[in-house]
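These are the structures in question, set out in turn.
Paired with chain B in one complex and with chain C in the other, chain A is shared by the two complexes that follow.
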Partner chain A sequence: MIGSQAGCGSALRRTRGPARRPLSAQVRGFWFLAPLFGFIGLLILIPVLGTLLDSLFRDIIYLPARFVLLANFQALAADPAFWGAVRFSLLFVLVSVPLQLLLGLGMALVLNEPMPLRGLVRACMLVPWAIPAAVTGRVFQLVYNYSYGAANYLLDRLQLSAEPVNWLGTSVSSFVAVVAADTWQTTPFAAILLLAGLAAIPEDLYAQARVDQAGLLRRFFSITLPLLKPVLIVALLFRTIQALRVFDIIFVLTGGGPGGATEPLSMLAYRHFAAGDFGYGSAASVVLFAIALGLSLVYVRVGRFQEGP
Partner chain B sequence: MHRTPRILFGLACLLALWACGAGPQDAGIVFAIGGAPDEIQVWEAIAAGFSRDTGVPVRILRQPTDTAQRRQGLLVALGSAQRDPDVFLMDIAWLGLFAAAEWLAPLEEVDLEPFFPQVVRLTDFFADQLIALPVTVDVGVLYYRADLLAGPPPQTWDALAAQALRVQQRLRPRQPGFFGFVWQGAQYEGLVVNFLDLAGSRGGFVRDGDRIRVQSPANLRALTRMVDFIHGTAAISPPNTYTEMTEEEVRRYFQSGGALFQRNWPYAYALHQAEGSAVQGRTGVSPLPDPDDGERAPTLGGWHVGVSAFSDRPAAAQRFARYLTSAAVQKKLVLELGLPSGRRDLYADADVLAKFPHFKTLAAVLPTARPRPIVPSYTLISEIMQRRLSGALARDDTPAAALAKAQLEIDQLLARTADRPAGQGRP
Partner chain C sequence: MNERRLKKILILAGAAATLLFCLGPFVYMLATALATDPEFLGPGREFVPTLAHFHSVLFSESVHFLRYLLNSMVIAGLSALVSVFIAALGAYALTRLAIPGGRSILLIVLGISMFPPVSLISYLFKLMSALGWMNTYPALILPYVAWTLPLSLWILVSYFAQVPRDLDRAGLVDGCSRLKILLRIILPVAAPGVFATFLLAFIYAFNEFLIALMLTTDQAARTIPVGIALFEGLHGQVAWGEIMAAATVTTIPVVVLVLIFQHHIIQGLTRGAVKT
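This part shows the complex of A and B:
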């Protein structure tokens, strides 16, 4: 953390030029930033530190609290449900994020082309992202429902299967079902980010490339993709963190079932909070936080944010 | 000179504000209750009756319908030692947690004679103190289609499976979605209850010193049976039993005429017999079949009233708790909501039997019902069981492997959460 802050500082100084501002201006600048620091401290730092602290306690609602150092983490390591949740969370990120970014990129490329009613189409595309995840979960429950779901209705109508399919019935198919629902929900988010990135690419570059007789693919790989990279990394970072802490859509859709096959880490933590086992739930949250932080650092390093695009 | 009156006026305003602010807190007791809108109406009427009789106002703190959300709402209020609510209803499965957390005031001046003795003895005492009273009791029963079933309802699970299969095969050509037996198999508390109903007295959660044993031959047979109901060559339960079937899904399935047998709570009876139901006048109720091992031991459900240890009106709260379990209020609850009472005398009441003939069956079943372990960690134990049972029903694990994993996880949990024998009060 300290290293990256120093990096930011040096970058800022470079852009700002050699002349330092007078001290009074710096102090005044601090006052402008103070509310932000206050908010970050109050709403992010304190809860994070509180969770960290709580994870070191046996904090169960019906027992006296006791400092146990890493016992909660040891218990997590021995808990098959924990490893199941870690595996699901990572697999969910690994499958859903690239899928959503690819689809989002496709959508963004299409919507970036001039077409009639482009504004309307763009607005329509955003609708899934505007729907609360819990509602999406309920909607897809109706899609996957065994007796009266839309998916089985289509199967029956198209005569693809003699028997209805129990979509949420196996660990593999329920995983696919959850990824599909989440992809429907969040692809527009990736698309809108990437669309903004596409719009920022100067049109003359493409004109120039056309003069040089570069084909469509050549233009995409030599101009669009490299210039889109910073936005792609940002979208990747956002989506990864969102996917890591996925909760509501799965909570509503499968409840983590069957047999805990679709239980993310966040839900494991929630279950323990809800049962009054706060120390253990906090420990699971800390692991989730560590994974998110680790992945973010990797992205930031790979994206080389300090140097700018 | 003219400043003094102004200050006085200001002080008077402050006093008035303070009085207003203090008013509602002093106004009486707060009763936390959840449920469907029609249920809340009945509770409001009961609370109003109490206020009329005693002059103590009762404010209803309305909770969600969902059981887990109701528990969480109370957990937050009681965990932070708030004065409200003073009185609340608890699902029987939370009693161990609430009692061990010392949130429940011991109940005073209660006559236990009218209640089912084993219900009160096994669930409402914690560390030798009476901490709750049954307001409603619940026990799973077998519903059957009297018009489709030739002969009496089955006494064993084998007989149930055979009859279910026969009727299912007969009706399938006309009714492709017809199944012999529907029950609660989704991954939630209801799955554990259905499992315990099948496992009988030798299975379920067996207390063994500090341990709770779930790896037993009786449990293995019960779980194997459940898997066979769904996936066996002679499957009699819908494939979505373990993904979607909760109480209401099951009730609707049976009520639309889609099944021969149904395991459900007694509440379904009134709905099945209501106008517009496809099974109106064709529904029979009987005890669940005998388990493969041991005696019948259907799971005891229901809601118990408790008084908060943090109540600011303890005397009035105690009085309200006794009022809720009085014969008059209990009869009103039975007649208006169809919820079985914890009082034995109501099962011989002519008005009750006239409206709910199935209470005769309940009177025979209830004394055999057995509670889930009254331990503070029950919620977490149940979640382990839910996940492992569901894993077996999804065929991710064999029944034997699922029970072995559940045992391991329960052992780990109890080792982590107990520094005194499970289920006993604080020293």
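This part shows the complex of A and C:
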């Protein structure tokens, strides 16, 4: 009955089914995977390898490329802007990722409880995630406006600051501004991941703990946290890798300023690409790539470890 | 009893804070788009509603906003369609056919999705220049298909794994080819999952910024995130009202889509990231 739904009613070809040869099945399997490999190979792997190769060339637009081995990397090492970008990228990861995961965990714990309109609140959490990061950058540019932005308006209204803050004007405040904007954009996503993890924890465990008179905190630290650990690790690595390659929101919000204070590695590379210096930009993105690759390998290892046999 | 009350209060306060946090900037964007004076929060100003910003964004020829929006819709739509189809072929092979090292293939594909996009753009720029495709739809669609494939593959694998094998067997007995089994049995049965995958791939492609920034030069192919990022207004000063109106028109369809299909999207997102 079910089979005939597909409308392939030829019993003559039945021979293929149960007794197919494993080798031909494998070959067929690879045909199904061929377009996937083709796209990823041609448009991701080869470009990455091309960038790797290009980092060894002095390759400036309209000029003939010249092999220079590691000269681009030597130039990077002598470039204060490069070290500033490395510093910013790492600091950004170190500050924003834990902040976002903690906030996200708080949201997930709240949203995991029964309450009126829970579905609606959950749906609203998808809003920041769904908005393009470039648009978020624009909105926060206005939020941080010195004379009429919402941030200074709130500070003034809540009497937290006597003077308006020049958010995007100093290196410390612009760092805070960038982290806050990124936190708005990505925390709800982390919360949704953690919420899925929380939902998978059996309710019996909590019921049993209540019978044993275990308090709220005790239940959190002995049941919730240990059982949530695998999901927390996944979210941590995902967020780390995303934070490492941050570009859109900062490009729009600060453009890397003031004076390069909020320029991540990806923007340093882009800036050189856009200026036509492909070799130098490639070298910078190879450094970023190496850091991200290291973390990807960690992720793959954790994924495998989690899966078990 | 006391603990329970405290907990209830904490939860409601937390939910209210979450709501405020998530919607605050969004509402601010909306309000600025509707305000005659975008400086309405400044000292001595007030909020007077108007639709003038929407009017000028939607109907002023020189802004090219509608063209950017059209570009984004077509590019993201086609990318997501192709991505889901190719990922469905791959997911079928990985869940149904004897692929040696199928698990490793999945993990390698996931690892590839972790590559920073900036390490692709110089090569893509050269490739598309050499092909003469700079500032055209294919220049963005092809990389977007590749870029969304890991996500699509992971989500579809988790959905396909749940479709009972008996359905395949029935198809095989009936003499269907593998491709027909995928198209006529698996895809319809897994339709909600396939749709969730399409939506996610669409949103990822729609929101992409860096590749579009590098490979487009004007309204012929420029997408809406780039258009909004580079929007400078017509009269020199930053036209906040127009920018926020453009941002609103861009995000409202996505947000409405997300709110309607939130269940599918959350399921797809968490399946892609948290293995169940």
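To be clear about the criterion, the second predicted complex is superposed on the first by the 245 of 309 C-alpha atoms of A that agree within 3 Å, B and C clash if a C-alpha of one lies under 4 Å from a C-alpha of the other, contacts with A are read in each partner's own complex, and residues count from 1 in each chain.
To be clear about the criterion, contacts are C-beta pairs under 8 Å (C-beta built on N, C-alpha and C of every residue); 3 or more make two chains touch, one makes a residue touch a chain.
Because the structure is a prediction, the values reported are computed rather than measured.
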| query | Touch check for A:Leu69: first (chain B), second (chain C), both, or neither? | reply | neither
| query | Which chain makes contact with more of the residues of chain A, chain B or else chain C? | reply | C
| request: Could you look at A:Ala162 and tell me whether it touches chain B, chain C, both or neither (first, second, both, neither)? | output: neither
| task | Figure out whether A:Ala78 sits in contact with chain B (first) or chain C (second), or with both, or with neither. | result | first
| request: Pick one for A:Val127: touches chain B only (first), chain C only (second), both, or neither. | output: second
| said: Just to be sure I read the superposition right, which of the two partners does A:Tyr146 touch: chain B = first, chain C = second, or both, or neither? | reply: first
| Touch check for A:Gly257: first (chain B), second (chain C), both, or neither? | first
| query | So, A:Leu217: does it touch chain B (first), chain C (second), both, or neither? | reply | neither
| said: If we overlay the two complexes on their shared chain A, which of chain B and chain C does A:Leu244 touch? Say first, second, both or neither. | reply: second
| query | What is the contact status of A:Ala207 with respect to chain B (first) and chain C (second): first, second, both, or neither? | reply | neither
| task | Please write out, lowest number first, the residues of chain A touched by both chain B and chain C across the two complexes. | result | 147, 274
| query | Mind pulling up the chain C residues that touch chain A in the complex? | reply | 3, 7, 10-12, 14-15, 18-19, 21-23, 25-26, 28-29, 32, 38-42, 45, 86-87, 89-90, 92-94, 97-100, 103, 105, 107-112, 114-127, 142-143, 145-147, 149-150, 153, 166-167, 169-178, 180-181, 184-185, 203, 206-207, 209-210, 213-214, 224-226, 228-229, 240, 243-244, 247, 250-251, 254-255, 257-259, 262, 265-266, 269-270, 273-276
| field | Residue ranges of chain B touching chain A (in the complex, touch as defined) | value | 68, 71-72, 75, 79, 97, 100-102, 177, 186-188, 238-240, 242-244, 376-377, 379-380, 383-384, 387-388, 390-397, 402, 405, 408-409, 412, 416-417, 419
| message | Quick check: in the complex, which residue numbers of chain A touch chain B? | response | 58, 60-63, 71, 75, 78-81, 145-147, 164, 166, 168-171, 254-261, 263, 271-272, 274-277, 280
| task | Would you tell me which residues of chain A are touching chain C in their complex? | result | 1-14, 16-17, 22, 25-26, 28-30, 32-33, 35-36, 39-40, 42-48, 50-51, 54, 106-107, 109-111, 113, 115, 118-119, 121-140, 142-143, 147-150, 153, 184, 187-189, 191-193, 195-197, 200, 215-216, 231, 234-235, 238, 241, 244-245, 247-248, 251-252, 265-266, 269-270, 273-274, 278, 281-282, 285-286, 288-289, 292-293, 295-297, 299-300, 303-304, 306-307
